[in-house]
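Some structures to go through are shown next.
You will see chain A twice below: alongside chain B first, and alongside chain C after that.
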Partner chain A sequence: MPREGKEVGVTVAKAQGGDAAEPMVRVEKVSKRFDSVLAVAEVDFTLEKGAFLTILGPSGCGKTTLLRMIAGFIEPTAGEIWIHGRPVGDLPPYRRSIGMVFQKLALFPHMTAAQNIAYPLRMRGFPRDEIGERVARYLRLVRLEGLGERRIHELSGGQQQRVAIARALVFEPDLLLLDEPLAALDRKLRQEMQLEFRRIQRELGVTTINVTHDQREALVMSDRIMVMDAGRVQQMAVPETLYHRPENRFVAGFLGLTNFLPGVVAEVGAGRARIRIGERLVEGRMADPGIAAGTAVEAAVRAERLRIFDEEPGAGWETLEAEILEVVFEGERLVYSARAETFGDVVLRFVDADPLRHRTHRPGERVRLGWRSSDLMIFRADPDTTRTAGQPEREDNEP
Partner chain B sequence: MRRGRGLERLILAVVAFDLLFLALPTLVIVVASFTAGRIVAFPPEGFSLRWYQAILEKRAFVDAFLRSAYVATVCTLISLPAGTLAAIALARWRLRHALAWQLYLLLPFTIPLVVSGLGMILLFGRLGMLGMLWPVGLALTVINLPFMIWGVAACVNRLDPDLEAAAANLGAPPLHAFVTVTLPAVMPGIVTGGLLMFILAFNEFIVSLMLVDARTVTLPVLMYNSIRSTITPDLAALSVVYILIAAVTVWLLDRLVGLETFLRAR
Partner chain C sequence: MKSCRADIGTGGRSDRSFGLRLLDLAESVRAGLFPARFSVWTPYLYLLPATLITGILAIGLAEMAETSLHVLNRATFRPDPAYTLANYAAVLSKPVYLRIMLKTGFAALLVTGFTLLLAFPYAYFLVRTPHARLRRFLLVALFLPFLLGQVIRAYGWLIVLGKQGLLNAALAAIGLGPVSLIYTYGGVVLGLVQYMLPFAVLLLAPALTAIPHEVELASHGLGATPWRTFRHIVLPLARPGLVAAGVVVFTLTVTDFAMPEIMGGGANDFIANAIYDAFFQLSDAGMGAALGIVLTLFASLIVALAFLLVGVATLGHGAQQDAGAGR
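And now, the complex of A and B:
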């Protein structure tokens, strides 16, 4: 199956005929105000049937509030939500056809795994035989055959996750919501469960909205990612576009290990610009449109796009001299910090993804760093973030 | 090394003394109840079950025992819904002035029982309820309710706050969610609190003393009255009945909730 959400939507639309032209989820100008705080501000998006969307953002960005409004636990201050072509503003949560996996799973502790999974079927008045048959089928789907009679506290963390997802899907809801259910797991189990959630989601073709602050999870699991900050949508795109073509400084900083270099636009061309950073004049790609000469900007370059050169590289490359400050061994790669005097003493971070093949450079050594000018993305400087300008952003937005 | 050994022995001795001291009054009374003599003595004179037979034959004791059981039952039946709902509301809802409510519900703990008892005498006298038995159960509910609330609250606080949201999400309307999810999930706390309320009411003395008369006397009050005249070995036998009831309660707690859960909740 292709990774791009749009293509998933198109294939399903073809299979279903005209009916599927209506998106499964439509969120229109939805806002939520808590007293004086605008938690969600005029969020707009649509989601095709069968697509997997991840809402990604730091804690407090409004992503969980948005998810809970879709589930019906919080009422929007303004705007409207449609599910399967129907406005749900007047529907209480128990009348919406939505399955949800909660942050702490919210499994019923006094019931067995099978009873938990049967609960939504019982509430919907399914006949006894069908409840038994479906519970067995979904236990198989989440690979918990034979564990149905276990109590919740007798199951491991990963098994509990599987019960929670089976319970959320067994009544075949229009929409599946995931409220960071993987956040509490250790790294290894989390990565395993990410792939498992994705497998199940694809097998059933259920439209899914996942909420997380973990960029890796977003990149691994999603057809599309929506980045949120301060209640607003910053960018919504397929993972590759989001990573390689961020539209603003926040998105560039939130995904990946990114160096930010404060500068001023000297000269503007078609989609490109020359900017002054420290003593240097360098060329880059305009990521924010409409920046005029003289504007304060931040140039961003990903750590993995910077390389050490022993000799001067050819055309299309920019280089500068820098002094290694620190080397961190991370197993599969080395992460260097280096100071570039000609860039106004800015500290750059870059990675060596193949440390066995290369000589390790020691602190104090001088190296020549190079990057393609197309890898330098130019953003309008964010007045809020100028104090941290030049500091590389943290790569893992994990707790 | 040698000094460590000495310290270890000292600690062991202190612990052994403490354990013995905790159990000593109970042990003494149990042993004394089997006396064959006519007075309570330790060590007892000979061995017999005659005093157990005596309490069964004494009408006043049996009646007082039944009255105590009745009072404890009334108290438990009132506190189960009152304490459970109060605890869930306090723990779950973002109540306005939640702290004030909490303090208000803990009020019975801060007031001496004598004062509470006096208040009840005045109130019950006014309402014409003095001399009736069931109001004693009501009074004991009032003074012990914080125990019930604590029992349930300890359980509610350990629950996932999204439990009811999950039930709603899965298709359960609010009342349905409460009955099928919230209530069963806090059942260990309700059982713990209920048993605690029963045993406390069964044993309660001060407020009972102030509220009962000769016709409605409960067992602890009757025992106290007997002690003031003569201390006979039948009182020791009665004490053993109390110890048995406490043991049964602990056993029930273990069977229904698990002692481990109970002790962790405190």
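And now, the complex of A and C:
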């Protein structure tokens, strides 16, 4: 087996060009066109060593394509990718020092778990005893001690995930790429594996790019999140910023349960604006810069920022009357829908996060809803409002 | 049902009731054929037609075994009523028959080897090409000679490879001597390889489709050269298809009649040709039957050996593979 390794002559980018100041990954104006489809459009970002980045976006937005370009399976139409300070444009995947876990794992079904993990080492010509030692070490790391001799189909879904990640890491790549490996798992196992992947990633300190369309997974696992839509980066930020300070309507709608209220700007102040929604004039925070008076906008308020008040709250709050339409019991919380006549009959959703402490309101009941004016985010209206307007996204995308 | 019967007498709406009765009839037939609740035995019932057809074959085989135990009485040209193993002794001792059997077996090995060698890349390309139009072309090209039938195809070979054929005309044009491929062992093998190619490709294609492209990408990304990806990943995963294709091609070759008959020109007979001669030229039904039984045993032995060697389990391997890859 070592003899076979020499034929390949694999050398890895790791040793050369390593520069502490240099980010681990630099993607510069990378685009990919498939015939008529622009799958990835001028994506630009950098990632520091050891960071965990999640690329989040709806199906077909170009996540897999971008990841495969970084891995070297697809050649960009334009732009340049740097890994560890080296342009990798003409390096094949195995010279980029990259470990990848595929959307469907792509384990080798005719081999045992241990043989799967040993495969990259054999292909790279590692000496036999080092292969044995490393395979054992990585089986331990992913908590599969004693299961190395099992065939792939003799392992559970979660165990297969562990084999896949061990196989991607065993040759100690600079960069780990995950293409929705958890998407096929049921919710509970998926949450368990999210934490497990994060633990392994922290333990090894390996720079990681994860792809998902599950916003909860992105929030739980990442140091940074990049939201993509239609091949373009919408926003890249740490999870808290992304959630609380979305920069555009798409990001606001993609994360969390968000109400969108169509309106028109009446008056503009410093970072704030007064907008007309239905019969009402309300104040909010300008999330999109440079909106002039008279512009059609959409105000967004998260479902969990709306509250029911029995009495008028103090300054800094806005309130309105609404009629409860529907109550949905979700276990740890209730999700209400209510119609607000003074807001042009818009339907608002809001949550009661502590239903045991509060009286449950019935459909037909009238309630007073309130929110802080700083919780109202004002976005330029999306010309393509059919996507999420009035239909807030579900908080997590369950299969 | 009931309301329907009541309608029968009322003539006026007979069209409608006739239609309804027809539907009821169809429904009861359906219910009889496909009962809503399967009893334990129902699944076996579905095996019955196939078992019956195979059973008839078995009866024929038994008849043949009986025939093979009588030698031809040369005086009367009728089978001798006495039971004897003389025909088998002749088959196993006469050099003519031994040579024919060896030639047949060796040809089958050659044909199986060459066919798989040619069919594998064809099937792989067919399955992996991203261009739908190319895939359609490859499929049509595969089926076209398939549709012609073996005899017409063999005559096609004669036209191309014959003494005055296209090949020799081309060779003569560049000043090379006539080669005789026709009526040779090599010609028979060539014709058979061409004949078997579609079978092999069609049996290999599903096995290759079952190998996810991502698995090959993964192997490449983990540092394997294309050759090693082929050897360590594609080939082992394609084994069920290779075994199936190999067994089919081998048995079809070993029992073939037309190709050696036409392309072999009488000098390159296979066992089937010897059987034919025994029955219809020598009128020695006993000898023909004995040869037939030997051929059947030989072919069965090869199939059994193939499955023993690689394990019948490989045929079920696809299912496990899906379970593994589908997670």
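Please note the rule applied: the second predicted complex is superposed on the first by the 373 of 399 C-alpha atoms of A that agree within 3 Å, B and C clash if a C-alpha of one lies under 4 Å from a C-alpha of the other, contacts with A are read in each partner's own complex, and residues count from 1 in each chain.
The definition used in the following text is that contacts are C-beta pairs under 8 Å (C-beta built on N, C-alpha and C of every residue); 3 or more make two chains touch, one makes a residue touch a chain.
None of these values were measured; they are calculated from a predicted model.
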{"item": "Fit-or-clash call for chain B and chain C when the two complexes are aligned on chain A", "value": "clash"}
{"item": "Touching partner for A:358 - first (chain B), second (chain C), both, neither", "value": "neither"}
{"item": "Comparison of chain B and chain C by chain A residues contacted", "value": "C"}
{"item": "First (chain B), second (chain C), both or neither touched by A:184", "value": "second"}
{"item": "Chain B versus chain C as contact partner of A:73, first or second or both or neither", "value": "both"}
{"item": "Which superposed partner A:157 touches (first chain B, second chain C, both, neither)", "value": "second"}
{"item": "Contacts of A:102 with chain B and chain C, given as first, second, both or neither", "value": "both"}
{"item": "Partner chain(s) touched by A:124 [first = chain B, second = chain C, both, neither]", "value": "both"}
{"item": "Interface residues of chain A shared between complexes with chain B and chain C", "value": "71-73, 92-94, 98, 100, 102-110, 119-120, 123-124, 167, 171"}
{"item": "Residue ranges of chain C touching chain A (in the complex, touch as defined)", "value": "212, 214-215, 217-225, 228, 232-233, 236-237, 317, 320-321, 323-327"}
{"item": "Sites on chain B touched by chain A in the complex", "value": "159-163, 165-173, 176-177, 180-181, 184-185, 187"}
{"item": "Residue numbers on chain A that touch chain C, as the complex places them", "value": "4, 7-8, 10, 71-73, 92-94, 98, 100, 102-110, 119-120, 123-124, 151-153, 157, 160-161, 167, 171, 184"}
{"item": "Residues of chain A that touch chain B when the two form their complex", "value": "71-73, 92-94, 98-100, 102-111, 119-120, 123-124, 167-168, 171"}
